[in-house]
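Only one structure is covered here, and it is reproduced in the block below.
We just call them A, B, C and D in the order they show up, numbering each chain from 1.
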Amino acid sequence: MLHLRKSLFRILETSAGKRRGISLIFNLLLITIITLNALAIVLHTVPEYNQRFARLFYDFEVFSVGFFTVEYLLRIWVCVENEKYHHWFWGRLRYIFSTAALIDFLAIFPFYFTLFATDLAIVRILRLFRIFRLFRISRYSHAFRMIQSVVNDKKEELILSTILVIFMLIIVSSVMYYVEHSAQPDKFSSIPATMWWGVTAMTTVGYGDIHPITPLGKLLGGIAAIVGIGLFALPTGILVSGFNEHIRVQKKPRITYCPHCGKEIVNH
Amino acid sequence: MLHLRKSLFRILETSAGKRRGISLIFNLLLITIITLNALAIVLHTVPEYNQRFARLFYDFEVFSVGFFTVEYLLRIWVCVENEKYHHWFWGRLRYIFSTAALIDFLAIFPFYFTLFATDLAIVRILRLFRIFRLFRISRYSHAFRMIQSVVNDKKEELILSTILVIFMLIIVSSVMYYVEHSAQPDKFSSIPATMWWGVTAMTTVGYGDIHPITPLGKLLGGIAAIVGIGLFALPTGILVSGFNEHIRVQKKPRITYCPHCGKEIVNH
Amino acid sequence: MLHLRKSLFRILETSAGKRRGISLIFNLLLITIITLNALAIVLHTVPEYNQRFARLFYDFEVFSVGFFTVEYLLRIWVCVENEKYHHWFWGRLRYIFSTAALIDFLAIFPFYFTLFATDLAIVRILRLFRIFRLFRISRYSHAFRMIQSVVNDKKEELILSTILVIFMLIIVSSVMYYVEHSAQPDKFSSIPATMWWGVTAMTTVGYGDIHPITPLGKLLGGIAAIVGIGLFALPTGILVSGFNEHIRVQKKPRITYCPHCGKEIVNH
Amino acid sequence: MLHLRKSLFRILETSAGKRRGISLIFNLLLITIITLNALAIVLHTVPEYNQRFARLFYDFEVFSVGFFTVEYLLRIWVCVENEKYHHWFWGRLRYIFSTAALIDFLAIFPFYFTLFATDLAIVRILRLFRIFRLFRISRYSHAFRMIQSVVNDKKEELILSTILVIFMLIIVSSVMYYVEHSAQPDKFSSIPATMWWGVTAMTTVGYGDIHPITPLGKLLGGIAAIVGIGLFALPTGILVSGFNEHIRVQKKPRITYCPHCGKEIVNH
């Protein structure tokens, strides 16, 4: 039994060592099921597919949830093999509340809840939760770990520039509200409503559903667009430099020379 | 009395030394009130909230102005503790005209003015001044000081690229006016009107309310969009490099040791 | 005969050595014909030009295909002069399936096929294949080889960020579908339909044909635009740094001399 | 007489040496007149200003042209003081065809031509030429010389990426034409018409006057927007790095260490 638990742990979590081959096959299978789930979530909203393949969508849903449930329970069973979750009860409880396990839970929970729920509104909201199945792929993704580490590195700067963006958005939208409200009372009806204009203007999306028409409003709108480009350049620049640093660190070493003895130094 | 002034000065201005704990609590309180003011300014323009919570909005307004007024007067009283504003009269006068004190004044002045003002137009314009309460947060914001120093560092380049952007905007809009005016005399009615198109085209916002329809106008519009991307890349690039430099400078130099002679090397 | 083949190979492929002058003239002629073909492909879709110059378009088409066919056959004949395709049969077969030769084939094949095809739909689709004639210019283009090498260098990062973009697109569009579907069932009709909004929002194109109208949808739309700017900054940053690296590598290392000991220093 | 010519040359061209004070005043006057001309060109197209201040606009026009004409003739007279244009006839002729002198000529020529021209269409086109008066400011602008030198440095890369952008535009628009033409024959009427969509999509302007409606067209439109962001990142990146290099070159020297003797080297 303990031997089985160890083997299962290796297959499910480490993807290294003894059961590497089986682990690889299992992980590929899991990624395939998650990808097919993404496809099912997207396509089952197209009315014609939903009607024609209703049975297929439902069967695949049941199969996916079944597969994920078994996998979830097994993971809880074997998690104690990990040093971090060593204790048979408190370790398992801590594992259950880890980010990865919570995502796994949110991917299956809505299905079981909707079996008992009768209120249609709740069922529809919970269906949205199935998107968490996509996040499960983050377990296997190099990209997500990279983003996580970049965002961690640049946390301070990103929070700072987010505050700045929100601050500028409030200022620009407030001024625009007082400028345009009398000319277009239905569109620039309140500052929160004007903030929708503010976002589309400063991100340069510009859907065209709301835009200033008075000369003063247009002047302000032009300034907002220019400021927006500069402002959004900030987080962009931070992220780009973060990614560049990250990529550079993983690359070849840099060679400099010691100012004292003149010999070569390899900086990793 | 002098002792009280010293203690108050420490609480209000330094946030260091003896009364550090009380200073921290006071500053957190101030930031909370400012944030709530921002929320009130934004939400009181939503008709339904304004009607339902009219009383709450007014009471909070009176409380805020009261709080800010007391704080403003206390700051003027204690400012002489600062070496810069040492003189009991001229020092206080100089403090009153400092940027921080002017922002504090503009945050409370409109309220008192509107008590006596009877002209509705002026009252409405002065309400806009309440946004200055948001700027008060700049006193506590790391971000604002950073932006200020970056903009100061790159002043010359930014002015230069702003002139360039305005120059290009005039040229592109003038040519577009002569090209499109006869085809769309109501939209491209004058060069100033065409400049609204110019800004939305060169910042790539593109609301769609005004755009060329003649083949020549479309060709020019395409060139304007491409030039615009290149042109707005300029201030963006300047700001990004400015922020990067600033962040790099604040990160302490990395010290390593030469593997050959063992001496210290400072890597900037 | 063998001598002629060698001369022809030099003219067609090497543009160096003995027949350099003729090779240059031939290549300039080829680029001119390809450019004129691009012009013809673009202009023949304008109804008035197509009617007035129908004969000219057709004659130029026949001439181009004739020229390209002769050139294609000659290239197959002489390719064995290249060491890579030495064998008289297998070498030629391998040459025929090389990228360059396949592009050459796709540039002429549609014309011959449409001579025998009777189904109009196929003829119209095949006409689209004439665009491959433009790709022929890649043979002579420095730019294309540069892009190819940059994309090769940054392959891993680009795939990674593409997966991320698709992932975010699915998440954002799925959530937006559940938020906006009941308010605009005709526009946000399904998740695939909502993905069209997702792309235009996250790339900040914003045509305005589809956009959220509910407060929650607008909030999500604003977040999507901001996230989109950050997200698309990623591949942009990767490509820009790739091109910069490429340009830097091709610039020869700068050699200076130490002012103290006079020895050569290579600055990379 | 020769002495007067020398003094005038110093005032008009060098802004250094003996007559520096007068030269500065003259140049400031010239920049003021050019700026007022820009304002006049922009504002005289606003119907209400044009009617009310018709006399003022005309008088200022006559004054400006008079001032510029005298200045133009004086510059031709004194140019022989410059070593480059030493010869009394050939030197002056070469000066007349220099870029700066040609811009000066184009700023005054339209006015004289329109005095004799009777055809209204030509008069209106020539009015457009008055914009050249704005370009005259480039004589005094640091920014223009900087841009000129950056564009010169990066000439090769910019031409390369412009060709790429045009190439991609033709490819994307051609494919989109064949995909969308049958669904929207009035909007995607020909490849040149589709190229207007192509530019607005790839620069992410997106006016919304023309956009794909078929699923395949939307897919292609999404890819075009993503490719466009990457593609326009190219010239942007080149220009930004060009400006950064330019700014860096003008800044402080970089310190490295000689790999042979270990001593400090200052790299300018």
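Heads up, the rule we're going with is that contacts are C-beta pairs under 8 Å (C-beta built on N, C-alpha and C of every residue); 3 or more make two chains touch, one makes a residue touch a chain.
Labels paired with UniProt names: A, B, C, D = Ion transporter.
None of the values given here were measured: they were computed from a predicted structure.
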Q | Fewest touching-chain hops separating chain A (Ion transporter) from chain D (Ion transporter) | A | 1
Q) So chain B (Ion transporter) and chain D (Ion transporter): same face meeting same face, with over half the numbers shared, or different? A) different
Q | Equivalent of A-B within the choices B-C, A-C or A-D, defined by over half of its residue contact pairs recurring | A | A-C
Q) Given a C-alpha superposition of chain A (Ion transporter) onto chain C (Ion transporter), how large is the rotation in degrees, taken in steps of 5? A) 90
Q | Of B-C and C-D, pair with higher C-beta contact tally | A | C-D
Q. Among the chains, which has its CA centre at the largest distance from chain A (Ion transporter)'s?
A. D
Q: Indicate the whole-number Å distance between the mean C-alpha point of chain C (Ion transporter) and the mean C-alpha point of chain D (Ion transporter).
A: 31
Q. If you average the CA atoms of chain B (Ion transporter) and of chain C (Ion transporter), how far apart do the two points sit, in angstrom?
A. 44
(Q) Show the residues in chain A (Ion transporter) shared as contacts by 2 or more other chains, in ascending order. (A) 192, 195, 200, 204-208, 236, 256, 258-261
Q) Touching chain D (Ion transporter) in the complex: which residues of chain C (Ion transporter)? A) 38, 41-43, 45-47, 124-125, 127-128, 131, 134, 137, 141-143, 146-147, 165, 192, 195-196, 199-200, 203-209, 232, 235-236, 239-240, 243-244, 247, 256, 258-261, 263, 265, 267
Q. What residues of chain D (Ion transporter) sit close enough to touch chain A (Ion transporter) in their complex?
A. 204, 206-208, 256-262, 264
Q: Write out the stretch or stretches of chain A (Ion transporter) touching chain B (Ion transporter) in their complex.
A: 157, 160-161, 163-164, 167, 170-171, 173-175, 177-178, 189-193, 195, 200-201, 204-208, 211, 215, 218, 221-222, 225-226, 228-230, 233-234, 236-238, 241, 256, 258-261, 263, 265, 267
Q.
For the complex, give me every residue of chain C (Ion transporter) touching chain B (Ion transporter).
A. 204, 206-208
